[in-house]
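Per-chain residue numbering starts at 1, and chain names A, B, C and D are given in the order in which the chains are listed.
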């Protein structure tokens, strides 16, 4: 356990990078020593993110997104907040230089690089790293994360889907081929990129599905569900873009296995998560609402049995930039460094 | 066929009532002769709806929501834009006075009043009227609507679910017990009623499911799906409230029956709707987006087959206040009166 | 007067172009014969604007933004919905080919090209055309618009400011140097252009001033106010970007001239606008709200005298894409062609 | 100085109350011992505010809004988050019982109860308390707040107007009768009250002025401006409701006094606020944007001189629930208790 660790954020100009900065400003043990960006070199953090002007680190200047500069900053741990495909370039050299890497992209999440290449349409240059990375979903891989040097932080949609389902699949409560998922995400999930599709006037007063029927996140979701179930799992998944800045809401339908007592769903979820500080299992009539989790690292989960159809309905809400990205990554950092899992996050 | 018909709107102070007024202002054959409200008696339409100030009918004063006053207005056709439970009180007396009734509430949609009472928790006082009403989903009941005197206009969620599914169930292309629906609605669907849950600050930056697992609209949806399939159909349905004023987006998963050629889905939908002016079947990569249908009577529908899971995905978008309420009602009026189905609606 | 006129829209891919198409679909006398765009050549209108799929003109293909192609389309009147600086290139050749031009950009609004060049930072290539164009603010220049061949349609902010002020300045009711304006505009005013500043996640839950203290529209506003007052007028004007798609709200403070009876404000405004179908002067306690004018060509205006400060407050609301752009242009077309000023617009 | 103080929040069910709870959860010195509400007695904080479920104090039950119960809770300091008119009832008895009171309502802000009664239309029952309360605008009354027992926390609009203006008026840089203010507020400012005007569907895609020309906050604004200027000051002030949940943006026009060097504005503002941790004076081209201050206690201020009109323009942005309410109150608590002014607030 380290009482203090120097960290860098690579590709810090986007929404996940900004949220990482917010988390690190408040962190009692991590010390931010470098922010990198191809385009913002020399600008101070506070001028790039006016929200943080006058706060800790606001005078820190952006440096170039280059490995030698990152190493020279003294960083011991590096967050990669880069688009998929780019994290490949950084992780290997940084690891060889002795730094630890928490990657927020999809690059090291998929163990089978053939699956990666099928879903992402690009060659994977670091299959050995993909094979040995730890999947950064703290509640599920807590033990493996301790002391890990390469963490592939879970994606935003996957987190909202995997946390409700994994305990139930592990306990063989669900028919593995019965899972159907409908998710809604805020527009920050599309990144701070100049595209007409994400203009205010295109997203306001609009709801639309996209990535139908084969969204990229399926690769990662099905890998983890299959691991939990012990058999290959294929699911239906439809993401929708809705006019909120932050938040993901997921609704899941699944069929209990024959003979399963529906009381067990709650018991199994409680057993899985009662020690996890960021999973809230809702009681009574409460249902998840993204407005209760935005700007926090919580994921709220509820479940219902529908006797009319025999199906179970699982619902979750999280902030896509916190529990779905930056908060998740800091939670992994906390575990990796042996700190309290919630350090800096509440 | 009548070249002109006098119409009244009962309970015109809500969002559906306002949208009916908008449609009637532009209608070439219908003449608005009365607007009623319990609370607005004496106020002019233009003062209640500043949007329509200075337009046709803006000087029309609201009258009391009482049958004699409605009859005295000379109205030949009456739209009931009342909460469910209240339409019961008006429909019988109006019909007996020789007027025709287009009801926008749920009161006459459910043929089996026991089902109505189960889902709505109230006694039904006019079972005979419920039994003989015509379900106001123009694309499906066009022939029965001609000359009808009591139309139970289809609900907003049901319209978005039934139009994609009915042709496929009629042709026996889907497993009836495989249907799972996820819908998202704008906040105007909750009505112009002072409730904290629907305040701006409660709905903005928020997404939440509600009515889980047994939303009232299931009664009507399953009645119509069962009729189309020829067997009882039970579905999973989860509505979500999202921060838009108008619009419903529906995503449906279903399993094709064994041996069904997936090419047939498109053919069957085209055969069902190619003559229907308000159903647009999207081609190519296009997917429904509520922003393309708001303020119009269109419903946009797309479908995909997912070879990974074997399921078909159906998606639709409509304006909950137009195709899901007032536009649907005017479309029924047009058919009922023998006018062009699209009169005043494009 | 022509019973029918062929029109083209040049640069039809933006929000003003889309709104022009919406107006022309409903227009009884104008026939849309060409839509142009540099990037959409060959695509049909309905595929570019899914909202209009299946409607009139939806099969019309976009053609190149080139003068010979426009002339060959048979168009008699051309709407230029281009960025400022580009309209210069088209207007002269089109006029020389005998077409009439309604320009929605700023290029021909400023009579003094030195002022244009000061505010827009570019050389003006057609000073003679600027000098003889008619300013397209129908309520003020109605007579001059009849038979005009080059109309410089008024800008969105200017319309919201000029209509309340011009009658009062003409009657010498206000101190010319006392005018201070605060406007708020929806994000569609920034155009359908891929810029990070106008992403949903940058505009939602945000309000910000911009163009302080010298917004480009001042050139046009002050030209017209000076004309009305008979003396040079300089005003303070601060535009703000707010999270709505459509709508401009303007609040104006001004000082009545010494000895002016404040009752005269209402009288003068009524005298100026009582024959104008799109100006609504609000009575009683009503104040303008953009939600009552969106998707319509109305501008709502209210005024108050504040005895505590002696100032008068004028407030207006309009849809920036309709009364502030496309609706205004069609209103000018109607006048220019001798049709009812409101044709196709209500 | 106390290392720890027990605090209660009276009327904690609204948005300001919720925000106070958020601040207190994170506060290192204040200990929350009681939450009161007329309607929520017995419910736990975490069930009333699902956002805070599982966090510090989430099991604290609401108690009745009654003085004996509050005193019995052991609270030493009480925040009153009540509607104006109600705080009157609580402050006197609590003070006499030896507690200190931070009132977030308008009840003790106005020194001259005749002015209070003019603007609020109600009799004032505690003129002596109004006379001796300290106005809770920390940057201006820091010294008087130390050890105060009754703080009348500044209102949301007033804070956004007073902080830019007071230093300039104190230095006699502005013509006192030249001030004209335009503010925009998010809908949370209207409170968590069930009123149709504040429904999502009434506020979304809407902008509207209200309280024209004599908004209640003028009483408090003019009292403080007059105090700073040393002469009576009357201003024009128009608030607007815009579709954001949180945030106030204010734009102010004023005339420099004859002969004033405009360079002095920046100098005076820096001298006034360089030691104030929550006032950020923006440099360069930056202008305030509410999205940079929401969920924080910062107020961002910028200023510009317009040589064309001779006026100065001052702009500010704050979160109406934080710097405009709960954060301001906690900042006052920190000063009152002798803690670091920013304790728990960054």
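In the analysis below, a contact is a pair of C-beta atoms (placed from the backbone, for glycine too) under 8 Å apart; a residue touches a chain by one contact, two chains touch by 3 or more.
Since we're looking at a predicted model, the values are computed, not measured.
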{"item": "Labels of chains that are neighbours to chain A and to chain C", "value": "B, D"}
{"item": "Pair of chains joined by more contacts [C-beta pairs], B-C or B-D", "value": "B-D"}
{"item": "Interface residue identity across copies chain A, chain D - same or different by half", "value": "same"}
{"item": "Geometric centre distance via CA averages, chain B-chain A, whole Å", "value": "39"}
{"item": "Centroid distance [mean C-alpha coordinates] between chain C and chain B, Å", "value": "37"}
{"item": "Whole-Å separation of chain centres (CA-atom averages), chain B against chain D", "value": "46"}
{"item": "For chain A, residues that touch 2 or more chains besides their own", "value": "202, 204-205, 243-245, 289, 291"}
{"item": "Chain A-facing residues of chain B, complex", "value": "177, 180, 182, 184, 202, 204-210, 212-214, 218, 234-236, 238, 240, 242-247, 249, 251, 253, 287-291, 294, 304-306, 308-309, 311, 313, 315, 317"}
{"item": "Residue numbers on chain D that touch chain A, as the complex places them", "value": "50-51, 53-55, 204-205, 277, 280, 282, 286, 289, 291-293, 295-296, 298, 300, 346"}
{"item": "Partner chain B, residues of chain D touching it in the complex", "value": "15, 186-188, 192-196, 198-205, 243-245"}
